[in-house]
Amino acid sequence: EKTKFEFWYGLSGDLSERVQDACKKFNESQADYEIVCTSQNGYDTTLQNTIAAYRAKKQPAITQIYDAGTLDLMLSGAFVPARKLMADNGYTIDWNNYFSGIANYYATSTGELNSFPFNSSTAMFYYNADAFQKAGIDFKPDTWEQVEEAARKLKAAGYECPLGFNFDPWPMLEQFSAIHNQPIATKANGYEGLDAELVFNKTKFVDHVKFFKKMADEKLFVVKTKQLGMDILPSFTSQTCQMIQTSIADHGTIGKTLPEGVKWDVAMLPVWKSTERQNSLVGGASLWVMAGRPEAEYKGAAAFLNYIATPEMAEWWSTVTGYIPVTKTGFDAMKAGGFYDKAPYKGRERAIESLAYTPTSQNTRGIRLGGFTQIRKEVSTSLEAIFMQNADVQAELDQAVERGNTVLRRFEKTYAGQKLN
Amino acid sequence: MDKRAVFKSWWLPILFALPQIALILLFFYWPAVAVMRWAFTLEPPFGGAAEFVGWANFQDVFADPFYWNSVGVSLIFAFCGTASTIVVGLVLALAVDRQLPGSGLFRFLYILPYAIAGPAAGMAFRFILSPERGLMASVNAVFPDFWNPAKYGSHALVLVIVIFAWKWAGYTFIFLLAGLQSVPRALTEAAAMDGAGPIRRAVDIQIPMLAPTLFFLLVIMMTEGFVGADTFGIVHHTTGGGPNHGTEVMVFRIVDEAFKGLNYSGASAQSIVLIGLIMVFTFIQFRFIEKRVHYK
Amino acid sequence: MIQRTPFADTFTYVLMALGFVLLIGPFIVILAGASQTLQQVNSVPFRFVPQDHLLENAAAAWSRASLGTAMMNSLIMASLVTVGKVALSACTAFAIVFFRTPLKHFFFWMVFITLMLPLEVRVVPTYAVAADLFQPFRLLIAALTGIEVSVEWNLLNSYAGLTLPLIATATGTFLYRQFFMTLPDELAEAARMDGSGPARFFFDMLLPLSRTNMLALTTIMFVYGWNQYLWPLLMITDPAYKTTMMSLVALLPSENGTPDWNVTLAGSLIIMAPPLIVVAVLQRWFIRGLVATEK
Amino acid sequence: MADIDIRAVHKSYGKTKTLHGVDLSFASGEFVVILGPSGCGKSTLLRMIAGLEEITAGEIAINGRIVNTLEPRERGCAMVFQNYALYPHMTVAGNIGYALKVAGVPKAERDRRIEETAKIVGLSDYLTRRPAALSGGQRQRVAMARAIIREPKVFLFDEPLSNLDAKLRVTMRAEIRKLHQRLSATSVFVTHDQVEAMTLADKLVVMNKGHVEQVGQPLDIYHRPASVFVASFIGSPAMNLFETRVETGAATVRFGGAQVPIDGALAAQLRGKDIIVGIRPEQCVVVQPGNGVSAKVDFVEELGSGRVVHAEIDGQPFAAVIGEEMRVRPGDRISLELPPSQLHVFDRDSGRRIEFEAVPRAPQNAAEAPVLAIVE
Amino acid sequence: MADIDIRAVHKSYGKTKTLHGVDLSFASGEFVVILGPSGCGKSTLLRMIAGLEEITAGEIAINGRIVNTLEPRERGCAMVFQNYALYPHMTVAGNIGYALKVAGVPKAERDRRIEETAKIVGLSDYLTRRPAALSGGQRQRVAMARAIIREPKVFLFDEPLSNLDAKLRVTMRAEIRKLHQRLSATSVFVTHDQVEAMTLADKLVVMNKGHVEQVGQPLDIYHRPASVFVASFIGSPAMNLFETRVETGAATVRFGGAQVPIDGALAAQLRGKDIIVGIRPEQCVVVQPGNGVSAKVDFVEELGSGRVVHAEIDGQPFAAVIGEEMRVRPGDRISLELPPSQLHVFDRDSGRRIEFEAVPRAPQNAAEAPVLAIVE
């Protein structure tokens, strides 16, 4: 009789299928355990369901929590630290093999990993090279000034939507702040204490939003959301919009979805001219092992985590998705194998380049804020108000900060007495 | 409310009522107690020791402009939803009550939307009233942004109210028709003899006679609008509370706050306020409106 | 009545036709959309004429949202809610109406209040209860005896969890109560004179007499059960228990961009069908039930 | 004030025929009572006059004008409904004045007329009340006032008293009569209560199963019922009726072991005919045993003011009203005389009356009119 | 067959008292009718006998056994309800046999008895019908059969005829009476219809406001009502009653411009007392003008079999029954004699009867009993 244990994850659609494949591979690879993998259709619902299930003592053995939920988990006391789990079950892992940029996001101040980096990404800039060519653009959009120029040219060439964007704060606020070395919150984006306060209403981010607003008003940048009928990804793959910023995870999907023969490319997120580019933040999610499961399940969980960390699996995973390899050896192996030179995968190495562009600073290590899901929601609400209802940029961002701080203060109070480690 | 004829056993009623009473205690009162407890503590998302904070959660709730926004949205939703269902139901009931040939078929058809779940209706209407396709596309082609619920909160609110009204108009219709049909025929005949034509009769006799039914529907639909299952389903599935909190009704906000915001305490405080509101409404309705509607 | 009111009659038909367009129009749009091809459904202006692609669209929807399991689960859920509610309500109403016990009014109000607070308002703690059904009892026992019992019963991802909290409200009880109140006192008295005890009266008289009400309640509860949205959404994480309302999300045009509303609409048509059929078929009783709950 | 002509009026609801050709004509100012058992079509007829029911065939004329297609409001009729049909949401004044309001009569004028009318029916003190706060009799009065204020040419009443208790019924009966005298409109009053019909009518119309059975003055109808139906319907206890055949020899019938003579001018023509003979219980006379028809007493009903003997003659039930002084007990045999002048004879096939002498009238001699006899 | 003793029985619903000490005793086999206006507590009393209502104080014994705490089924009573309370979902047979079914009587035996009982009430052909498919009279019979089949010692009837139309009521009245004679159970019959009460009762109990006003034989009660209430409640048209004071000189009262003598043994004692005098309309005699009490005719009601003059005396309404031969018209003045022997006198304070001569009985001389007079 195999020991069954559950794994909940947030990826959906195509990426969900790949997770299922991984699960199947694992189940076939050994005879002792059976992993049951369930998509919860979204990162936020996974966090939500995990919490609900934990309260109900029905939590899965492993759950996939996105970057934004990291601190929520860390303080919950509801998990088994990664290092402990592996040690207890007799696996030796080279914890230093993880890219430090990735590990930092999920590790304690002492560098101890609580969860397993699994599907890591960062935000990238995609553009339609065919359109660029037709509009007579002969440069790569490295800076926002260039993006603007490209947008104008595209518009002039008759493209209705030069750049599509939505209100997702991840690329717009988080990644932008990192690469421009701007803080999102005090206390090193929260790494140094629960009493951190949001500050993004006083950074370059404000100008950035104003710039977007101006572009949007000139119809150079166009809002594309699900509610409006088409999100940015389909807007790019349907060639409605010629530039978008989204996760490297979508690289695979874009390649598969754009019609055969369309030339497109991916670049690091643009920076403002005369800015010193910093490393971007790691995105995606990590795998947490939940406390309170029967001992036998942990053996299986450890086996699974060990399995997917093997170089072969890491390579497979990065191949079939756009996610980057999380270990140095994995990356090196793939690079050596010429993976990044081949057509469909070409360009993905730029994600790692972006992640590793500089050593991490206070502003680029990651974000360690409680209730960050809610804060993201406040930000996107503000962005929505700015772009859809013509609300005042500064006022809206002030409000997002104020409301975000309320969330932080409540979180601080809820976990009063707890220390960040 | 008492029946004269009763049986005397004391244990039998307990036995008969026990299953439901147990369920109600377990799934209604016990959770209600929990709501109370959480409203006065800071409940950590993953559980564990919760700190007593007194009225702080309520203060937070009341200090939050978006909370008041949701109260306003809920009020508009409930009032407009109620008003439109009742008006549509009333007009149709008056029409069908004239019993012209074929009206039976209409009666049969009008109730059908009631069978449809809010979310399913929401999905259908998302298509039907989508700004880029369906009906509104043609209008938008002439007047850009004439209709864009993804952009304008007001449009979105209209959209969810339309869905609500669509689903519930058949329901009020049935009640009002039944009410009309229980108006003694002699009354309308008397009015006819007194010289009143069909419209005059509707206004002078039939509608006033419907007052008890209208009152009942007012209470039911207001409650439904405030806390009904469909209200949440429609909003959640159609607009997700947006754009920019434009359709964030109270129930939606509570669920969102609890499960997305992981703020069980704030959500509980909001629940309690909502419960209080419902009670106040019900009380007002009974106290001030009902008095005027009963003739017998 | 002799009436020469051609104007009023025409006006009435116009109103009824307008009502038809407003209330039934959407069904026609859904049907039309659901039977068109991808190109047709996206053409502007929309064409209201149904085409002949309904079956293929339905099939696509069926597999995309795994409607097979979902329909089955919804059917089970709606049926359980219906049966449970019908049975329990009759029993409770009987206890409330036909006995004069000291607790009667207390029970009555206890049940009545539940009418005002639907699941949506108390969903968070209800979830907690469903997760650990015996918690209150454990607390009670612990408080009374100091003994910590460790029995647990978890209702998440189960049919019991899907249905029990929905059964725990008073709508049905009230329908029955209203009906029982309209029965003449003499009926019970005659039965008593004939030597029948309360239980016998319940089974010999009340149940057969309330057939109409049962059908009404069946309709109402089936629709209610089938259309549940929030509760399963929170409660079910195991796809084996997914209900149709939950598969709606999967039916929305995928984010890869193909606006295949034809499939979406076909799927929603499938999901709408069972309660629609129930209402259409049981309409007569259903209406009677609705109207009876009023007074 | 108007006369009403009803000519060959038929009414069908779908396939069921309710009225089969009714011909009636009511003179201006007459108080007409339509009497008949439940379901005979009284209300239907009344409602056709009012314009509340379509006329399937035939025509109705009010004051010579054919009203078949006129709407109710155009006919100048006012109606008092069985359950009054008061507007429960309006005050008494509102109820009374509604017709004027609809007609656009200015408020001041309206108020004046409301008060006037309320005075007539004695409701002046109740004008601001709602119908719910009135007693049965008062509601009845409001219904009347509502009709009066319109100064209709025709007053229609559909069993307006049947919801009142026995005592109030008597009072209201009197009031309606008085009102009619005062307003002198033509009144058509529908009832199934024969006492009401007898006491109110100038002209009584007896209906049965959609036909008019008899039209005439109440006492005429009482004394000369035109058919078996009318005979049995009017009078309480009901007229005794028995089927028999006239002897071929003498114009007598055998009954209860005796020969009962059928006399009168036409009696001879009846010989050998199948007939139905009727006699009212009040007209039977108890005689010395052996002298008349022999009856076996079943039981006796004491009414206080008199007693009804329920007996059996030839196996058929037979009732007779007797004085209190006679001691009669169940099982007794008594002899009854059936005065030939009081006999009613009907054709057995058609059920129609056979007129065989002038008019069988009330007793004319002093001996039969006892109360006055003492005085004279 | 059982006798019933009701001793000092009280009933309160919460704080409202409904019965204030009722003492009655019914002999075995008696047909007792309880008569009273609506709300006087008739049903309550009946239901207490049946065991459907708790007894607040006092006791009820059936056949000597106190039944206060017995369940209905243990009392051996059967009840026929006003609206019959038939089980609408069962056939006639099912209704009739339900008691036996509950008692566990085997099917064959049950069917036999159902058929037997159905035969008694004439329902044999309807056994498989549902109550909804029966006429009023048939339903009534089912209700009776349901009671009969249990072979009860006591039959209880709660206004079982009030839902029937006038004609059927008369028929069913007779049937109930016959049935009682046949089954010889003790029957208690509640009604507010005085005709029903008079014609059915062996013993009549008149109730008012939770008290027993009078118990006795129907005719006794008619002729010697024990109180103003009984006097006005029994008899139709109702007894004329007027408040007056006995002259201090002669034992007369002034009325309608005349001196009406109050004679009899105790009359002298009444001098100067406030009393209420009553006389039944049937007992008033029209005399030559100037000879008696003067009355102004309001209107006359023709009943066919007689007429009722509604007049006014001293501003109070007054009714008199007169023969048909007199021509009286509204507005006429007539003179009435009020025979002293027919006067009823009541104490004005207590409303109780003052017995001032043996018994004011029905007229005893031939002149006043006209019908028989002819014969003799």
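Per-chain residue numbering starts at 1, and chain names A, B, C, D and E are given in the order in which the chains are listed.
Note that in this section a contact is a pair of C-beta atoms (placed from the backbone, for glycine too) under 8 Å apart; a residue touches a chain by one contact, two chains touch by 3 or more.
A quick map from chain label to UniProt name: B = sn-glycerol-3-phosphate transport system permease protein UgpA; C = sn-glycerol-3-phosphate transport system permease protein UgpE; D, E = Sn-glycerol 3-phosphate transport system ATP-binding protein.
Please read all numbers here as calculations on a predicted model, not as lab measurements.
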| item | value |
| --- | --- |
| For chain C and chain D, chains touching each | B, E |
| Chain-chain pair with the highest tally of contacting C-beta pairs | B-C |
| Superposing rotation of chain D relative to chain E, computed on C-alpha atoms, to nearest 5° | 175 |
| Where chain A and chain C are represented by their mean Cα positions, the distance between them in whole Å | 41 |
| Separation of chain A from chain E, taking each centre as the mean of its C-alpha atoms, in whole Å | 94 |
| Whole-Å separation of chain centres (CA-atom averages), chain B against chain C | 16 |
| Mean-CA-position distance for chain E and chain B (Å) | 57 |
| Multi-chain contact sites of chain A, meaning residues that touch two or more partners | 52, 55, 229 |
| Of all residues in chain C, the ones touching two or more other chains | 1, 3, 128, 130, 186-187, 189, 192, 234, 249, 259 |
| Chain D residues counted as touching two or more neighbouring chains | 51-52, 71-72 |
| For the chain E and chain C complex, residues of the former touching the latter | 47, 50-52, 71-73, 77-79, 81-89, 98-99, 102-103, 146, 150 |
| Contact set on chain D toward chain C in their complex | 51-54, 69-72 |
| Touch list for chain E against partner chain D, complex | 165-167, 170, 174, 177, 195, 198-199, 218-219, 222-223, 234-238, 280, 282, 285-288, 298-299, 301-305, 310, 322-326, 362-364, 367-375 |
| Of chain B, residues touching chain C in the complex | 1-10, 12-14, 16-17, 19-21, 23-35, 38, 88, 91-92, 94-96, 98, 100, 102-103, 106, 108-121, 123-125, 127-128, 132-135, 137-138, 141, 166, 169-171, 174-175, 178, 188-189, 192, 197-199, 213, 216, 223, 227-233, 236-237, 251, 254-255, 258-259, 264, 267-268, 271, 274-275, 278-279, 282 |
| Complex interface listing, chain B residues touching chain A | 42-48, 51, 53, 60, 64, 66, 130-132, 149-153, 239-240, 242-245, 259-263, 266 |
